[in-house]
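Below are two complexes that have subunit A in common, paired first with subunit B and then with subunit C.
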Partner chain A sequence: MAYKFDFGAIVPHWQLLFDGVILTTELTVIGAVVGVGLGIMGAWARASRAPVISQIVGVYVELIRNTPFLVQLFFIFFGLPALGVKLTEFQAAVLAMIVNLGAYSTEIIRAGILAIPQGQIEAAQSLAMNRVQIFRYVVILPALKKIWPALSSQIVIVMLGSSVCSQIAAEELTFGANYIQALNFRAFEVYFVVTGLYLVMSILLRMGLKVLGNFLFERRRHV
Partner chain B sequence: MSLVELHAIHKSFGELEVLKGIDLSIDEGQVIALIGKSGSGKSTLLRTINGLEVIDDGVIIVDGKKISDRDADLLGLRLQVGMVFQQFNLFPHYTALENVMLSPQVVKKQSKAEAKQIAEEMLAKVGLADKMMHYPDQLSGGQQQRVAIARALAMKPKVLLCDEVTSALDPELVNEVLAVVRQLAEEGMTLVMVTHEMRFAREVCDKLVFMHQGRIHETGDPEEVFSNPKTPELSSFVGGLA
Partner chain C sequence: MSEFSLWDIVYNLLLAARWTVLLSLTAFVLGGLVGLLLLMVRTAGNPWVIRLVRGYVELFQGTPLLMQLFIVFFGLPLIGLDVSPWVAATLGLTLFTSAFLTEIWRGCVESIGKGQWEASASLGMNFTQQMRYIVLPQALRIAVPPTVGFSVQVVKGTAVASIIGFVELTKAGTMITNATYEPFTVYGCVAVMYFLICYPLSLFARHLEGKFRHVAR
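Right, the complex of A and B next:
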């Protein structure tokens, strides 16, 4: 007997999918903003001359990059309560995404920092700028500009990776999908629609990051 | 008392000793040229004067104050000693005007209006009043180098170090930069320059320093040193250029 497709079976549950999209978006925006912020600090520490801090950040980066995201998530949600740190599903999910993106973006942004010609840093030093001023005014913007495409891809990967957070019952998009197909057994239809939703969100996110990049790196005269 | 005094400066890169005990004093208003073959240590010496190279041994005294390698000291030193580089090193994401305004604003905490006024003054001085809104990649090498000079001057340094400022330029652009340096010399700016422009050095400088194998090999009045070299090394260096 042939399978009868019935996409109409999803319609009554649209609210679940809608809420999932919203939550995935929230996780992604918070994760990306804080995660990239963490990455900028991590990259600065890695590129700095302070060996201890640089090594600590190095261990963090390697630890995260060489373990599965799902395990990191489980550790935060199921493991940390043993230390008295109890987080809600949302908090655990967002923290895992921040920690994960922080590590990857540390390495990406570090590559951008290393690509800044030493001469520009020396010019800034010779103008009596201190390390913080050099980083802020001379290094970070051109460095981010160089690696913006790579960083954008990583942010999209993290957004897609947030689907894993359904495993701790964070009610994001994949959680919604799982829930619906458990109610109506319409797995094909549900995951077909959810695949389309992720695709659209990815494309929109990429476009948004491109627009943001143009805004950040556009030549704007300040005087 | 001299504006800058260097005593027994030693500097090594790994096994290689680049500066082997340099003594040099720079008086206010003096224009000094450092010459010598590549590898003789002249650029390294220049870079020690504003702390871009940290010395292994010796004493640097600027304006009566001994400079250590602590950050605070280095920043204080660099407020007094400006530098212009061979490769210009303008900040690519800022316009010419912003390049010049940046440090007065963030280091000296000048107001935007104040920094802008000084920057416009300096850019006009180097002949770039009409290029202020251009980005570095929209300027020729000579123009970029003049922006770099204006940028250093905006900090009102007591000494300006010039590290082969014309070496990266096409021949037809060299003169516009040398003209600016000459004008600074005439205005009484204290200048120390590493240069291969021997004719320029001879015309503009008060003192010539010939370096050879990490030491000051010969020094004196440019006219005298050029026309009457005392050592075979300088003789062959000057002869090789003629």
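Right, the complex of A and C next:
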């Protein structure tokens, strides 16, 4: 074959990839924190079985889980301005990630809440705790602990999914890659390197979430 | 300049949705076959094969589907193969699907008790017979619900193929938007169509989960 690989052609553009990694990280951190927060509230609403709100959350979860992230992103970025909601690329990307992760984590966290033994809740009630206190002190931490591995995987999936945000010109890692290959026409080399970067990021993210899980859950065991 | 009515939009999207369905089916079937093959060599294999398959799974689960498609789409021409977006999308999604399915199924096979393997070995069965008559029939029942559930991920994954220029539902949505300037309506319709494909699959997976629960526990 005549093609000569030239990975060196990427080196002059390292700044673009570096900025991309930073922005992907920002997207992921904001998306994960707010998305899981949304998921906790959604799961509470679902598990409490309050008639109307529980159903609304149920519809939201099914709508998001059964449509592609890319379409959700396009709808938010291109569709919402028709309703007068104008968002920058970054805002649209973050919002899409929050909405997406919110739905998945609602379902995951709900499973954790349902796995809390009823006796725990009855014991808390007998101590005259109100519903908020029960949720805050008795239910949520053990529930999160139970489903932490599943939640971590979902956060990694959302981080990887953020690569399609390049399609609305949010300047994350894949956008950087597209930009570089448009400059030097070394598409394969660029995407190969960026795939490696994503792999490293997903491994680091998984490790980080594991450490965070240990910090959040293990420490309190002896209190 | 022609006007697009809502019906025109829906009709054209439906035409494109056929490609979404076809791509999903192809990737799911081929990915299932590759996944089964990987499961076999992994279950039978020596430590090196196991490590190799584990690396394969890690690679596809740890990188974005979009990057996998880009590498296939831009990489294959370098070794002299001219690939259309359809071939690149099929190949990329097949590899993606195989990695996830083989991992799902591995869990199912491992949940079959060691005693089953030992008992069948003591009857003089070889590996193929053990798999064929003892392990797979049991593992299959546990595997069906998560496999159906994963098919939803495959359908949603095909949306990413629009980015390498394969004209399926999402790409058609973009093209129609460019012609009509009605992104809200068009992407709304696109989302509804994906929902109509995926939601029955999700419901079916949940139904199966309920049905097979007593088997798994």
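Note that in this section the second predicted complex is superposed on the first by the 216 of 223 C-alpha atoms of A that agree within 3 Å, B and C clash if a C-alpha of one lies under 4 Å from a C-alpha of the other, contacts with A are read in each partner's own complex, and residues count from 1 in each chain.
Throughout what follows, a contact is a pair of C-beta atoms (placed from the backbone, for glycine too) under 8 Å apart; a residue touches a chain by one contact, two chains touch by 3 or more.
Note that the structure is a prediction, hence the values are computed from the model and not measured.
Partners subunit B and subunit C, once the complexes are superposed on subunit A, both fit on it without clashing. By the touch criterion defined above, A:216 reaches neither subunit B nor subunit C.
Of the two partner chains, subunit B is the only one touched by A:137; subunit C is not.
The larger set of touched subunit A residues comes from C, when the choice is between subunit B and subunit C. In the superposition on chain A, A:125 makes contact with subunit B only, not with subunit C. After overlaying the two complexes on the shared chain, residue contacts for A:207 are found with neither subunit B nor subunit C.
Once the two complexes are overlaid on the shared chain, A:114 sits clear of subunit B and of subunit C alike.
Using the contact criterion defined above for the overlaid structures, shared-chain residue A:65 touches subunit C, although it does not reach subunit B. Superposition on the common chain places the nearest Cα atoms of subunit B and subunit C 23 Å from each other.
The contact surfaces that subunit B and subunit C form on subunit A in the two complexes do not overlap at any residue. Against subunit A, in their complex, subunit B makes its touches with residues 50-52, 71, 75-76, 78-79, 81-83, 85, 87, 89-95, 97-98, 101-103, 106-107, 112, 116, 133, 135, 148, 151-152, 155, 161.
Looking at the complex, you find that subunit A touches subunit C at residues 1, 3, 62-63, 65-72, 74-75, 78-83, 156, 160-164, 166-167, 174, 177, 181, 187-188, 191-192, 194-195, 198-199, 202-203.
Every residue of subunit A that touches subunit B in the complex is listed here, in rising order: 117, 119-120, 122-131, 133, 137-138, 141-142, 145, 217, 219, 221-223. Of all residues in subunit C, those touching subunit A in their complex are 58-59, 62-68, 70-71, 74-75, 78-80, 152, 155-160, 162-163, 170, 173-174, 177, 182-184, 187-188, 190-191, 194-195, 198-199, 202.
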